Amino acid sequence: MVLDGDVAHVGLTTGLEGVRLAARALPGHDLDTVDLSVRAFGTTLGAPVLISCMTGGTGDAGPVNAALAAAAQHHRVALGLGSGRVLLQGGDPASFEVRDIAPDVPLLANLGAVQLAEVGLDGCHELVERTRADALVLHLNAVQEAVQPEGDTGFGDVLGRIADVVAGLGVPVVAKEVGFGMAADDVRALVDTGVAAIDVAGAGGTNWARVEGHRDTDAGAIAAAFVDWGWSTHDSLVAAMGVLGDAPADRRPLLIASGGLAHGVDAVKCLCLGADLVGFGRRLIAAGAEGPERATSALGTLVQQMRIAVWGIGATRPSDLGTAHLA
Amino acid sequence: MVLDGDVAHVGLTTGLEGVRLAARALPGHDLDTVDLSVRAFGTTLGAPVLISCMTGGTGDAGPVNAALAAAAQHHRVALGLGSGRVLLQGGDPASFEVRDIAPDVPLLANLGAVQLAEVGLDGCHELVERTRADALVLHLNAVQEAVQPEGDTGFGDVLGRIADVVAGLGVPVVAKEVGFGMAADDVRALVDTGVAAIDVAGAGGTNWARVEGHRDTDAGAIAAAFVDWGWSTHDSLVAAMGVLGDAPADRRPLLIASGGLAHGVDAVKCLCLGADLVGFGRRLIAAGAEGPERATSALGTLVQQMRIAVWGIGATRPSDLGTAHLA
Amino acid sequence: MVLDGDVAHVGLTTGLEGVRLAARALPGHDLDTVDLSVRAFGTTLGAPVLISCMTGGTGDAGPVNAALAAAAQHHRVALGLGSGRVLLQGGDPASFEVRDIAPDVPLLANLGAVQLAEVGLDGCHELVERTRADALVLHLNAVQEAVQPEGDTGFGDVLGRIADVVAGLGVPVVAKEVGFGMAADDVRALVDTGVAAIDVAGAGGTNWARVEGHRDTDAGAIAAAFVDWGWSTHDSLVAAMGVLGDAPADRRPLLIASGGLAHGVDAVKCLCLGADLVGFGRRLIAAGAEGPERATSALGTLVQQMRIAVWGIGATRPSDLGTAHLA
Amino acid sequence: MVLDGDVAHVGLTTGLEGVRLAARALPGHDLDTVDLSVRAFGTTLGAPVLISCMTGGTGDAGPVNAALAAAAQHHRVALGLGSGRVLLQGGDPASFEVRDIAPDVPLLANLGAVQLAEVGLDGCHELVERTRADALVLHLNAVQEAVQPEGDTGFGDVLGRIADVVAGLGVPVVAKEVGFGMAADDVRALVDTGVAAIDVAGAGGTNWARVEGHRDTDAGAIAAAFVDWGWSTHDSLVAAMGVLGDAPADRRPLLIASGGLAHGVDAVKCLCLGADLVGFGRRLIAAGAEGPERATSALGTLVQQMRIAVWGIGATRPSDLGTAHLA
């Protein structure tokens, strides 16, 4: 699990530090009136938040996932699971069994898009059924694969395979990067596949080339050139809005902003820039490892920060937010 | 009292370091001819300076306030008192009794605007009478209240209540923030209430979310997202001038610049940007704690720096100053 | 040999850190389809790479050159030799004898352009013959010579002499700086001499004034003013493209980018900016000193980084690359 | 003497680090052909250099001045003396007696312009005669005087008194600041007095408010506000050129650039920006204290750096230089 070690981007930040919220000395209403709830994945969330897909398959992943599930259920936010590849390959399913802990929130299963060649639509069906997930997240991780000695770099047919899953799976499909962000052309191509949501997973948080570099010497040497690879979360978001901006909100995929979000103020900045949901990943891992109470409290802090920030710029609801709230 | 500890904004400065005075090798007149006196609150000040509202109610606040009062009297500058809430709640009045030490300068009582719901116009009357103040300062501190476990965040009716106090109190009312600054819309709304002066109290000095964060663990976790919240003193001032700029000086509220001013050169920069008065807060607390002599000397240094800076850009009086004196 | 010591530019970088590749979450094809091969110096290289002219003439230069030659041969990239002046002056030829180790790649001999006054066209012929080189590199190092106590600063006739060598030598001639880069006017003048390739050898890597400064106290004092002399690799490249840009690629000299390139991503940035080949110098010296295996592996890492970067921006071949691939 | 201690500007540099010379890989001529000589103060200098007015009156000033005089004589550059006020007040004249050591170069006596009220034209005559100087430098040091407890801040009539000295003295008069630079209006006013030369003495080197601050506690407290006061050498120079630029070179005062110049490359940047001469001050003090040989060698290094820089941008003479040589 990536809790420690030097795995951050170097010389590249989320870009959100350069975005400033237009604070108000006079919010104009009581903090109590703020309502962060939103509709997503066919249900109502307590806040426009997703716990990003992270861990699964190993022994210690179980308790972490259980803790994050308890937090998600408590605050009514969406919950992503780590890659289910090991599950499909016969690994221990225990760490993925969180549906009973988080019965009322959207649960998202996860798989590498490049592995669709291997597992096919059948594998997707199996994964969604066994995890009792509400949706499937397919992640794009080209550079992460490329720096690995045995990485799977057959990305030639990935787009077509994503479109097939969208057409055949029967639950919403989400496409995401893993921390290098997306170009406008990537977003455009994903929209055409019909995915229900796009998570830019921008740069500024975890750098997956560096993570692989810690696992293997050769990968480490190669990864050294990619410490500032990719698009920042801010730039990815702006690029995505350039593509999605014109489409009516109900006729385009949900836009999810993740990648290095440090707190609720970063989250509100992303909402102002156009995101529908925000994802927190590594920020929650340490609390998750300490158990359900700490995870629930850590997630509660993030949501409370979002609530205060929304109020502090004079807004009441996520749907109020826009670039007019930026300084 | 906030003398130590890490309570400053992070990654956010007053913005005054980016403002440069247009120094002159040839000031054109003798330093002796510089005259910093201005009219404010119905009297003549020796310099356009206010000691910002800071402390009161506790035992050690008494000597500090007495020392600052002696300094204010000596240099003929306005003096703000800390929040009088404790006084109205039956607390020890001793630390607020400085009128006899500073009989000839404007004395400003202070209260949280959000607490008007609780104390009403009667409480304001009582506070002004008991402190023998010349004016009442109402502070706006939304984010400071919001990060506190039991904070008062009922800001919905604040504007109306300020207007009521302005209409009914009989002494001038000042509105200020506490270190997060103001947006142009805030200034506009405050002008409409009829306040006699607006103190932007911008960001770059003390960060009150961080202060509260040191008092409580949960508040600290929440406050971590607000370390760079708000508008810098510079940006607040520019925004305020955008609103006030056109109105004739005698038909608009006085504009007070405070928030992180480090010395007299910062003060003169604010005057050039359009402020009528400048406020020094935390900068004077340490000297205040050392007694009247050190407080008088520290304030004297600030005033002398202002005098030299006014001269060093070829000006004579505060009324000479404007953006033409900026490089 | 310049392996250690403080010999880098101060306050001046390659400028490539400010150039960003337009990363793609969806490369659009398999990594296996990437083909870095290019034609240069009458042959096909495995990648558009040159090992920059570095060392020769001393005892320990022999093994380093042999190791770099093995690496060049393995990866099929061009190989530059260090200055052959000592060879022409009767020095030990052993360290220059690498032709047998690298029989299938372009081998480039090297000489200071200012020394043409001394060695003449005959010396050039002799050097090319004795090293069995495919081309001759003439380096321009005005400031390096100037800071030396006995430096050769007779640059008045250098251009004419280069033109004479181009006309008379019978193998391609390359002109390069040694790490201070080139102005557009320099590139223009060199094009007029008819050279086959221009290597901008820009600033941001080794600073040769500082190298000389470590050899001599007076030179060191003088060199202190030149720690940020010259044009960055980025600026040199942009200037060169301003001159060469319009000419059809087969009717203009090859453009080589070198000077402080740290890895394959820097290299691909240079290709996108218009370079035909990239040169790695000091980056490879340490590995070269450790023998042929380490040198081959280090060069392999650089080439693999280039391959992943080309793929990661959705391209397949060097000829695909252009400023459209920059963010 | 100000050799050590923290007396530099804080957060303010000369601005010359942002000016870049347009280096040439091909200078186009031999270094030997570079000729730095210029006409100034009625004689021919070996290089367009002035050793800035620094020290005098104290015991240890004598050897330093003698060493600097020997260096000036050797390299044929102009030599400024420290303030002659002590001399006129009956102090020991020994440290000012350098005429015999530097018989062939312009020797410049020095006095505070504000002290003209005290010493009058007669004092100027006496100072020039006793030092056998070729010119008189009058320095403007308003802020330096203002931070001192007993400083002379009667700058009201300074301009008129300078004009009187220009009219009556019979030798050229130079006006300079002492390290806070000049505004365009200052330059304009000085031109009107008829001075023969203006030395901007800009900020980025020694900060004289800080120097005074080290001498006195109160001055130190006041000086803290002035650590970044003034105009950088670059900005002063650009402002002066805005005023002088149009006038023909022989019908306007010489423009001298000084203030924090670190080496000959800085000097050549100033010449390209329009200066006729450059001044080195504190940069030479340490070598001066080590005796005539070290002083001569240190000055020689500066001149050689200038020579190489002029050559390295493809120029031959100071009169060639202009903004076309900037990158």
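By written order: A, B, C and D. Residues from 1 in each chain.
The rule is short, and it goes like this: a residue touches a chain if its C-beta (ideal position, glycine included) is under 8 Å from a C-beta of that chain, and two chains touch if they have at least 3 such contacts.
Each chain and its UniProt protein: A, B, C, D = Isopentenyl-diphosphate delta-isomerase.
Since this is a predicted model, take the numbers as computed values, not measurements.
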Subject >> Chain separated most widely from chain C, comparing mean CA positions >> reply: B
**OP:** Mind checking chain A against chain B and telling me if their interface is mostly the same residue numbers on each side, over half, or mostly different?
**Re:** different
Original post:
chain B to chain C: how many Å between their CA centres?
Top reply: 62
**OP:** Could you grab the centroid distance between chain B and chain D? Build each centroid from C-alpha atoms only and quote it in angstrom.
**Re:** 44
Original post:
Counting in whole Å, what is the centre-to-centre distance of chain A and chain D, each centre being its mean C-alpha position?
Top reply: 62
Original post:
Considering chain A alone, which of its residues make contact with at least two other chains?
Top reply: none
**OP:** Give every touching pair of chains, nothing left out.
**Re:** A-B, A-C, B-D, C-D
**OP:** Write out the stretch or stretches of chain B touching chain A in their complex.
**Re:** 11, 140, 142-143, 146-147, 153-156, 158-159, 177, 180-183, 185-186, 189-190, 218, 221-222, 224-226, 228-231, 235
**OP:** Enumerate the contact residues on chain B facing chain D in the complex.
**Re:** 17, 21-33, 262-266, 301, 304-305, 308-309, 311-312, 314, 327
